[in-house]
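The following pair of complexes shares a single chain, chain A, combined with chain B in the former and chain C in the latter.
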Partner chain A sequence: MTGPPEEHSCLLATFDHEEDLLAATSEVHRLGHPIVDVFTPYAVHGLDRAMGLRPSRLTWVCFVFGMAGGLGMLWFEHWVSALAWAIDVGGKPWNSLPSNVPVAFEAAVLLAGFASVFALFWVARLFPGKKYRPVIERVTDDRFVLVIDQADSQFDASQAEALLKPFNLVDLEERVLSTGGTS
Partner chain B sequence: MTPNTLSSPLTSNRMAVLATFAAIVLAAGAAVAPERIWSNLLLVGFYLTTLGLGGALFLALNYVCGASWNIAFRRVPEAMAVLLPPAGIGLLIVLALGRERYTWHAHGDAGTFWFKELWTTPSFWMLRAMVYVGLWIVFSRVLVSVSRRQDRSGSVGLSLLNKRLGAIFLVVYAVSFSLASFDWLMLLEPMWFSTIWGVYNFAGTIQAAIAGIIILSLLLRKRGPLQGFFTDDHLHDLGKLLLGFSCFWMYIWFSQYMLIWYTNIPEETSYYLPRTQGPWAPLMVLNLVLNWVAPFLILLPKPCKRSGSVMMKVAVLVLIGRWVDLYIMIFPSTMGSTPVFGVWEIASGALLVGTFGWLFIRSFGNAPPVPTGDPLLSESLHYHC
Partner chain C sequence: MVESKQKRSAPAVNAPSAEELAALRPTLITGGKRPGDVTRDICEPMDRKPTALWWAAFSVSLAALIAGTIAVTYQIAFGIGTWGLNRTVGWAFDITNFVFWVGIGHAGTLISAVLFLFRQKWRTSVNRSAEAMTLFAVMCAGLFPVIHMGRPWLAFWMGPYPNTRGSLWVNFKSPLLWDVFAISTYLLISAVFWYIGLIPDLATIRDRSKPGIRQRIASIFSLGWNGSARTWHRYETVYMLLAGLATPLVFSVHTIVSMDFATAVIPGWHTTIFPPYFVAGAIFSGLAMVLTLMIIARKVMQLENYITIVHIESMCKLMLSMGSLVGLAYGTEFFMAAYSGNPYEQFVFLNRALGPFSWAYWTMVSCNVLIPQVLWFRPLRRNVAVVFVICIIINIGMWFERFVIIVTSLHRDFLPSSWAHYTPTTIEIITFIGSFGLFFTCFLLFCRVAPVIAMAEIKGVLKNPPRSKAPQESAKGDAV
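Take a look at the complex of A and B:
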C-alpha cells in the first residue's frame, strides 16, 4: 500500500462499454494476472467484485473513531461537570447522563466523519493541489481502462490481446507506470 | 410450487383459525376484564393498521424517490398495504367502543379549556378518526391497484401516476398520522402532551414495517414465490434501512425523553413518572434494547445484513420491540401502575399474528409474486448494492 513508488511494466487495455470491462476484468482476475487498477468515467457497479478487491477497511476507521469520539466526550463531560468543577443544574445530580448524550452523539458523528474522510485521503494519497494525470484522456469521458501488471514476463502484449479480444478490446498499450500507492 | 408454501391455502387457513380462536378467547375475556381487553384490542388494532400503513408508506417513498431496487419484492409491501381496510375498520370499531374515555373530563376535573373540550367531543373525535382511516384506505388502495394494473399494460405512465399519488400521500400521511397518534394514544392521558409524539409514532411505524417486509420477503424466498427474485443485495439494503430507522427511532425517543427530563415540569413528567418506576423500568430498558441496542450492534457488520438467518432474528426482535413500545404507551394509562401480562395479552398477540398472516397470504396470492409489468423490473432483478 505505502512505500516508495515502484516502476512497473504494465498493459493498458481500453474498452468502450462497461459490460466488456466487467467481463474482461473478471477473466483477468480469474486467470490470476495482477490488476493494478481500473479507470472508469463513473462508478461501475460490481467492479470491486470483478477485481477481487477485499472489503473496504474504512468502516473500521469509522467505527473505532466514532466510539472514541462518543466515549471520549462522555468522559470529558463527566470530568467537567462532576469532577473538575461540579455544577448544580436545576438540582440534578452532577453526573447526569442524559444531559451528556447529545454532545457525546455529536462528537461521535464528527470524529467518525472526519476520520473516514481523512483516512480515505491518506490511503488514496489525495491532497490539495495534487496533479491529476489520467492514464488516457478519454477515461474521464467514455473509455474504460484496465491496467494489468506484467509481473509474469511470459504474459506479453500478444497474449493479452488474444485473451481480451473476445471482450471487444479497443486498444492495448504497453507502458511503464509508477504504481506505488495506487493499489 | 411445493405444497405448504407460505402462499398455500393451508397456511392461510391455519392463520385464520389462530385469529378466530384468539378472537373468541378475547370476546370471552371482555366479560371478565373489559378494560384490559379493550387496551389489548387498541394495541393490536393500532399495530396492524400501522403495519399496513407502513407498507403503503414504503411504496410511496420508493415511488417518489424514483427507486427501482425495491421492485423485485414490491408485492410484499403492496400485500401489507391491503391489510389497511380490515385492520383500519377493526381499529375504528375498537375506538368507537372506547370513545367516551377520551373526553376532556373523563379523567376527573381537568379545568375548562374550550379548544380541548371541543377537540375531544366524542362525535367530532370519531368523525376525525373515520376521515384519517378513510384517507389511508383510499390512497393505499389506489397505489396498489395502479401497480397491479401495470401488470397487464406495462405502461410507464402508471409508474409516473403512482409517483404523483405517492407524493400527495406522503403529505396527507404526515398530517393525518400525527393527528391520529395524538387522538388515539396521547389523549389516553388528556392532560399530557408532547409535540414530537407524531414523529415518534412515525419512527416506530416505518421501523416495524421494514422489519415486517424483511421477514415476509425471506419467508417467500425460502418457500418459493420470491426465490431467485429477492437477492442478498435487496436484503442488504433493507438491512441498512432497518439499521437507519432503528437509530432514527432511538433519536426521537431520546429527544422526547430528554427534554421532559431536563425541564422537569410536573405537567410533562406525568407521562414518564409511572413508566420509569417499579416494574416498568426494566420494560423501558427492554424497549430500548429491542428497538435500538440489539439492531444497531447486530446490523453494523456487512455480513450480518446479507445473512437471511441473522436478519430474520433481528426483524423478529424489532417486531417484539414494537409491541413493547405500544404496550408502554397504552397500558400504564389504561391499566394503572402494575404491568399485566397473561392469557389476554397472549391471545391478543395470537390475534395480531393470525390476522396479519391470514390477510397477508390472501392478498399476496391475488397478484403475480413480482410486478411483471413494471418497466424497471429487470433493473431491480440485476441490482447490486
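Take a look at the complex of A and C:
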C-alpha cells in the first residue's frame, strides 16, 4: 500500500452505466487481469466483491478506540470521584458505577467515531491541499472508469476492446499512470 | 452483482436479472434522471444568484438573530433576573427551548443513521438537509443552558480539567454534567457525519466549478477525493460504523436530557417513563421540523423529482407512529399517577389538566395527539398543504409539551405556601425568537453553499437510469 510510486502502463475503460461497470469488472477480475482501481461517482454496491477487495479493517480501529474511550473514561471518573477529591454527593458511594456509565458511553462513541474517520483519512490519504488530477473529466459526475494494469498481463488495447465492448464500453484509453501510492 | 454471479455459474436458471430486481423496488426519484442530471439539478441552484424569496427569508431570519443577540447581550449584562423566573419556578422558558431544540435535532440522526441501518433508501433525498438541521438545532439548544449559567464566560468550568481550585473536579454523578458530555458528543459526531457525507459531493462541485474561490474551497474540503473504489469501500465501512455509533448515541442523548428531570424528586418529573417518552417526542418533533423545511425546499428549489410525495408520505407514517407513542406516554403518565396512590403525583397531573396552565396542556394534547390523527388517511398524507400545516401544529405542540412538563410540575409542588405563577418576560420571548433566527440563518446559508441533497447517495438509488446512448452490442452474454 505504501510502496514507492511506480510507472505503469494502464488501460482506462470508461462506462456510463453502473451495471456495465459491475459486469465488466467481475469479468476482468475473473480472467485474472490485474485491476489497478475503479473510479466511480458514487458507491457502487457489489463492486468490492467484483474487484475481489477484502473487507476493510477499519472496524478494528473503531472497536479499539471505542473500548479505550469507554474504559479510559470509566477509570478517569473513578479516579476523579473516588481518589483525587472524593466528595459525598447525596450519600451515594464514591465510586458509583451506574452514574459513571453515561459519560463513559459518550466518550466511547466520541473516540470511536473520530478515530474511525481519521483512520479513513489516513489509509485513504485524504487531506486538505492534496494534489489531485481527475482520472477522467466526469468521474465525479456520471462516468465509471475501470483501470487495468497492462504491465504483467498479456493484454493489449485491441484485446481489451474485444473483451469490454459487449459491456457497452464508452471509451478506451492507454495511459501511463503512477500507482503504488494510489491504493 | 446478480448478473456477475450468473456469468460465473453459466446456466443459472430462474435467477432474477438486475432489471427484474430493480422493477420490484419503488421508484424513489421521478423524472427518469441519469446521474449527470442529478449533478446538474442539485448544483445549478447554487450557481444562480439567490432569489428574491431567499433574500426575504434571509432578511427576516437575520433580523430575528440580531434581535436575539441584543436580548442575550442585555441579559448577560444585567443577569438572568431579567427573566420571569422566581424561587418556585427556577426553570422555565430557557430549559423549554433547550429541550425543544435538542429534540428537533434528533430527527436528523434518525434519518441519517437509523434509517441507514434499516436500509430505507428514501432517506437519501432528505438526509443531507436533516443532518444540517440537526447541527443547527443542537447549536441553538446549547446556547440556552450556557446563557442560563448567568456567567457564560465560566462555561469551561463544566469541563474536567486540572485547575487551580484544588484540583476540584466536576461532579460525574450529576445528570446535568452527563448532559454536557452528551450534547457536545452529539454535536461533534453529527458534524463529522455530515462532513463525511459531503466529501464526495464537494469533489463533484470542485470538478464542475470554474477556477475561483468556490473551486478552491471545495478543493480544500474535498481532501483530494478522486472516486477510487478502494476509497469508496473504506468510506462505506466508516459510514456504516458512524451510523452504528450514532444510533445508540441519539437514544442516549435524549435519555440523558430526560434524566435532568427524572432524577429530581419533583412530582411530574420523577418517573421512569421519561427516557422513552422523551426520545419518542424528540423524534416526533424533529420529523415535523424536517418535513416543514423539506416542503419549503422542494417548492423553492424545484426539487419535486427528488423529494416526492412518496418521501413525504413515508415521513408522515413515521411521524404518526412517533406521535402515537407520545400519546401513549401522556396516557401512561396519568395512569401511573392514579395507580401510584401518591397524592402529590395525582395532584400534579390534575393540576396540569385543570389548573392555571390547563390551556397549555390542552394545546399540547390537541396539537400532538388529536390533530395528527388525520395522517391515518392516505389522501391527506399525500396532500402537501395539509401535511405542512400539521407539521407546524406539531412543532407548536411539542414546544408546549416541554413547557407543560417543566413549568406545571414546578409551579405547584409539595408546599402550597411556595406555589407561584410564571409568565415569560419580553427578553425571554425575544431570545426564543432569536434562536429561530440563528437556526434559519444557518439553514438558508447552508442551502446556498452546499448541495441540499446528497448527490452521491441519490445517484446510487436511481432506478435503472436510462443510458446516454444506444448500447453498442445488444447481448452482453457474448463475451462469456
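Just so it is clear, the second predicted complex is superposed on the first by the 179 of 183 C-alpha atoms of A that agree within 3 Å, B and C clash if a C-alpha of one lies under 4 Å from a C-alpha of the other, contacts with A are read in each partner's own complex, and residues count from 1 in each chain.
The working rule: a residue touches a chain if its C-beta (ideal position, glycine included) is under 8 Å from a C-beta of that chain, and two chains touch if they have at least 3 such contacts.
Quick caveat: nothing in here was measured; it's all calculated off a predicted structure.
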Handout entry: When chain B and chain C are modelled together on chain A, clash or fit
Key = clash
Practice task
In the overlay, answer first, second, both or neither for which of chain B and chain C A:17 touches.
Solution key: second
Handout entry: Touched partner set for A:99, first chain B, second chain C, both or neither
Key = both
Practice task
With the two complexes superposed on chain A, say which partner A:45 touches: chain B (first), chain C (second), both, or neither.
Solution key: both
Handout entry: First, second, both or neither for A:88, with chain B first and chain C second
Key = neither
Practice task
Give one of first, second, both or neither to describe whether A:59 is in contact with chain B, with chain C, with both, or with none.
Solution key: both
Exercise for the section: Pick one for A:126: touches chain B only (first), chain C only (second), both, or neither. Expected result: second
Exercise for the section: Clash-wise, after the superposition, say which stretch of chain B runs into chain C: 130-138, 184-192 or 328-336. Expected result: 184-192
Problem - chain A residues contacted in one complex by chain B, in the other by chain C - result: 45-46, 55, 59, 90, 92, 99, 102
Practice task
Enumerate the contact residues on chain B facing chain A in the complex.
Solution key: 254, 257-258, 261-262, 264, 300, 302, 384
Practice task
Spell out the part of chain A that touches chain B in their complex, as residue ranges.
Solution key: 45-46, 55, 59, 63, 90, 92, 98-99, 101-102
Fill in the blank from the handout: Within the complex, chain A is touched by chain C residues 1, 3-4, 7-8, 18, 34-36, 39, 160, 166-175, 177-178, 181-182, 185, 188-189, 192, 196, 199-200, 203-204, 206-208, 219-221, 223-238, 241-242, 245-246, 248-249, 252, 256, 259, 455-457, 459-460, 465, 467-469, 471-473, 475-480
Problem - chain A residues touching chain C - in the complex, by the definition given at the top - result: 16-17, 19, 22-23, 25-27, 30, 37-51, 53, 55-56, 58-59, 62, 66, 76-77, 80-81, 84-85, 87, 89-90, 92, 96, 99-100, 102-103, 105-107, 109-110, 112-114, 116-117, 119-121, 123-132, 134-135, 137-142, 163-169, 182-183
